[in-house]
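My questions all concern the structure below.
We call the chains A, B, C and D, going by the order they appear; numbering starts again at 1 in every chain.
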Amino acid sequence: MQERVAIVGVGCTGFRSITPEQSYKEMVYEAAMRAYTDAGVDPRRDVESFVTVAEDFHEGTSIFDEYTPDQIGGALKPVHTITGDGLHGIATAYMLIRTGQFDIVAIEGHSKASNIKTLSEVTAYAQDPVLNRPLKLNSHFIAGLEMNRYLFETGTSHEHCAAVVVKNRYNALNNPFAPYGADLTIEDVLSGSMLSWPLGKRETAEHSDGAILMVLASEDKASYLTDKPIWILGAGWNNDSAALENRDWAHAIYAEEAARMAYRQAGINNPLEAIDIAEVDDTYAYKELQALEALGFCREGEAGILTVEGFTSPDSGLPVNVSGGSLGMGNLLEANGLARAYEIVLQLRGEAGARQVEDVNIGLAQSWRGVPSSSGAVLILAN
Amino acid sequence: MVLLNRDPNSPIIWNGELPITNRYTYGLAGEKFFRTLKDEGRILGTHCPHCERTYVPAAIFCERCLAKLNDWVDVGTTGEVNTFTFLHVNLNGSSLEKPEIIAFVRFGDGGLIHRLGDTNPDQVEIGMMVQAVFKPPSKRIGSILDIDYFKPV
Amino acid sequence: MGMRKVAVIGAGMTKFVRRAQETPKELSWEAAHMALESCEMTMDDIEAVCLGTAPDAFDGVHLNGEYLSDGAGAWRKPYMRSYVGGGTGVFVPIQGWYHIASGLFDVVMVVAEEKMSSYYPHAQAAFLTIFDHTTERPLKPNLLWIFALEMNRYMTTYGISKADIAQVAVQHKRNAADHPCALLGDANITLDDILNSEVLAWPVQRFDVSPVSDGAVAVILAAEHIAKRITDKPVWIEGVGWHLDTAYWTNRDLAYPRYVEYAARMAYDMAGIKEPRKEINIAEPYDPFDYKALHHLEGLQLAERGKAPELYSDGTASRTGNMPVCPSGGLLGVGNPIAAAGLMKIAELFWQLRGEAGARQVPGQPRRGLAQAWGDLMQVGTVVIMGR
Amino acid sequence: MTAKIKEFPGISLNEQDFVDGKILYNFDKLNGLYAWDTGVGIGSYLASLKNGVILGSHCNTCRKVVVPPRTICEWCFRPMDEFVPLKDTGIVNTFSLCYVTWDVKRIIDPEIPAVIDIDGASPMHGIMHMLGEVDPKEVKIGMRVQAVWKPAKKRQGSINDILYFKPIKEE
């Protein structure tokens, strides 16, 4: 068994609403080359196993894992696919290295959301085919139900949610990879059209295309490959009820449980004290607030107030989604968590450019699999 | 990142589809739940004595302990609005002319997702009691749509 | 520090049927529930859950892993679904293995489910969507093509006859007659029945093919200290291996499955096996089509290239032979609910190595067995070696 | 264990059970429409097909010519060095005589799918396509074939711009 595992290389294409000049394979190759160059490894020689995250209906191909190896250097090597978020993928690579059987493992995730012409209908096909799908409802209704109950139980206001949009899209202006940067006011956000009241369209992340690949290594290899290893202190993942009828509508239980698992590994008792920067799921604005509470950064009902007060802005108490989050970078389907973790890696290395936060030693990334799932993951990284 | 130049006459996209057509059985629990809904206009749950939870709609297993559930209970047709939303978009993402009121109506420890009717948006609130409005027996087919909608009590 | 040892300590499965009444969740639950009961454990003992199911097209649910999670026992537990096409059934126990070998968990439930009948009217049509969307799907390919193309190449390269291959279907379907979950067991089937069956896609005939099926299988894996406490007959996972070849399947020789060889070598290395033909007592190679069992026995180094039919003609592969092959009845006999079929092979080895396989029991107290699956575009090999 | 267990779960239905209304069920159909970006490699392949040319690509490091063309060599992971127009002739690597369509309809005259190793590409490098203008009984592995193209005006930049491959008559 190998105890310690580090991220030793990262590569990313940047994100845009469309990417018509390249196929998904060419896009993934671009991220892969950057990551392997960053890590100083040759995938054909050095990388011993590969993990990818993908969903068939997002790709338009059944058993999509078929098409994953060539563009990541994985042909005729141990490659497998997880139908999870990118953070599930990182957790998988982490486990593979910890077995002692592999020293260097790569993890890839991407989005070609722009290629799905009927994304909302594809998403609706994830609803229970007997209980829910006959109602023929756009899946945003699930977020609407969840947000309403969350606001009701916690006393969070609509303005609090809008403040998340203002912050994250403003942060995105400092991120050259983020296509949705904007300088908005709370009124701008609230005056947009409704998706599923109380959820507004401007509180929902647009989709983007892009790819991310990361290289993980065991402690021995990591110290040989890089002088800036980013250590995995903890990885947690969890599922709440799959059935809409059985879940707790107000709370992100999956995030609570995933955080519990990750904190236990990392030996963290007081997250707010221990963690210097966080990148959390904000595919819907209220999700960021719900996540901050589930992750134990504050008590229930406080996240919105802290956001309005600026506590989660860059260079404040706990900078959250300095990258711009999904609201600023776009919803990347299975790659969302990788984008969150990518920012944490840059911050911990001190390579985040104009948006670099000072004195960061421990960072947290969190993700959610989107409606109608109740599945998410948490990763804790340190420099 | 590549050395090759794209043929300037290349088509940018290739259009296609996933031709997926499915037939779903209702399963062990669904069979009894929906037969009872259709034939008797009753909503059934199942109870797990070990976890002290009542699943609605009825399930054949407890998701917590995986025990088989044999204890069927009638939970009535009136439940509490646990949460609701006004949905402004269609299945395909286009705007609805008039938003639909969608609610999660609590029965036992579970409940049903459905539409609300016979009410206007201003009157809907969390905690209100609503009742299932069934289609006439001759029009029921054994479906969640055998309930037309829920209306305030 | 050495590697953590991982054992299989319980198993359960549903019957494999053409059309199940159960929903996919319910099938998963039935197998999971039975696996728990088999080792007298409860959900409180299960620390994480791994799920295998192949394309979402069959169950007919997008994000199918999320949909199936409650049936698989994943409520408020760490849960992931993995897939490598048809190889998934033997991959998902590997996924369970690395969960435990990583030191993060001690007890993991592994579930594999497939309900092919939900793809209606014809499950086979779903396979159109596994081909490249731009360069191949416009030709309207079907699943039979890839098998027929590979089978023809294999037969022609090594001069193997249809009769050589049909022995496999005969033996597996006869073996399956003893499996209580089997869909197509037939104790009296003959070589002529296979050879005279309807031609679907020459050289593939109706009885060369395993049946479209619904079903689920579950096994419980545990770390050494737990396994020894729960049972005096743990079956250890001694080696695992998997390899995925390039997606450009028309750019490689289909006569020999080198990805299976690579996967097998990885597993043999881990298990410390130097001479597989002497050290493997039972083989459960993947047999969705009869020639595939032969193809895989060669890739697994259990037969010389082109010589696997001899294992069947000289009796080596029979249930009482020196190296029984598919004593379960395999996919050809028990059925082929894709991911579940692969995990069925793991359950079979578990029962065989514990001497609990009933009428199917291989004599001589076998010590070590191998299960293998294959899938995608003739591309992936997954191998698990289990031993007492 | 299986010896001890008498009953395995799993309820088997007949197609007639659905017809007779003995069980409840419903239908659904995915409206899954996609517009996949073709990119540099496959975009150029399709453009070439429209001009009646099968395009490959060449890796200097591995000294291989592959088809369909890609921009990355999966074996050395370096960018491919150049596009290479290939011939429209080749050798049957393997084939089948298929009496069932993709959606499981029976047909009398078989479709003949084949892998055809394309002349000009490295050995064992081919594409999947159909054979035509040939008696099914005459098809052999190793047989030489040539593409039959749609008329230039009707080509769309698709793999279907080749109708099928037919045997080359040996002079």
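Criterion: a contact is a pair of C-beta atoms (placed from the backbone, for glycine too) under 8 Å apart; a residue touches a chain by one contact, two chains touch by 3 or more.
Being a predicted model, the structure only gives us computed values, none of them experimental.
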item: Smallest count of steps, each to a touching chain, taking subunit B to subunit C; value: 1
item: Which of A-D and C-D has more C-beta contact pairs; value: C-D
item: Centroid distance [mean C-alpha coordinates] between subunit D and subunit C, Å; value: 26
item: Inter-chain centre distance, subunit A versus subunit D - centres from mean C-alpha coordinates, in Å; value: 36
item: Whole-Å separation of chain centres (CA-atom averages), subunit A against subunit C; value: 34
item: Cα-centroid distance, subunit B relative to subunit D, in whole angstrom; value: 41
item: Residues of subunit D touching at least two other chains; value: 11, 13, 23, 26-28, 30-43, 46, 70-72, 74
item: Sequence positions of subunit B contacting 2 or more other chains; value: 1-2, 6, 12-14, 16-28, 30-31, 34, 63, 92, 143
item: Residue list for subunit C, restricted to those that touch at least two other chains; value: 19-23, 25, 57, 60, 62, 70, 75, 120-121, 125-129, 133-134, 246, 248
item: Graph class of chain-chain contacts, one of line, ring, star, complete, other; value: complete
item: Interfacial residue positions of subunit A with respect to subunit D in the complex; value: 19-26, 29, 42-44, 57, 60, 69-71, 73, 75, 112, 114-118, 121-122, 125, 129-130, 133-134
item: Subunit C residues touching subunit D - in the complex, by the definition given at the top; value: 11, 13-22, 27, 30-31, 34, 38, 60, 62, 120-122, 124-125, 127-128, 133-136, 138-142, 144-145, 148-150, 152-153, 156, 180-181, 199-204, 214-215, 246, 248, 250-254, 350-351, 354, 356-361
item: Subunit B residues touching subunit A - in the complex, by the definition given at the top; value: 1-2, 6, 12-13, 16-18, 20, 22, 24, 26-27, 30, 34, 55-57, 59, 63, 82-93, 95, 99-100, 102-104, 109-115, 126, 143-145
item: Complex interface listing, subunit B residues touching subunit C; value: 14, 16, 18-31, 60-61, 63-68
item: Interface residues, subunit B side, partner subunit D - complex; value: 1-7, 9-26, 28, 30-31, 34-35, 92, 142-143
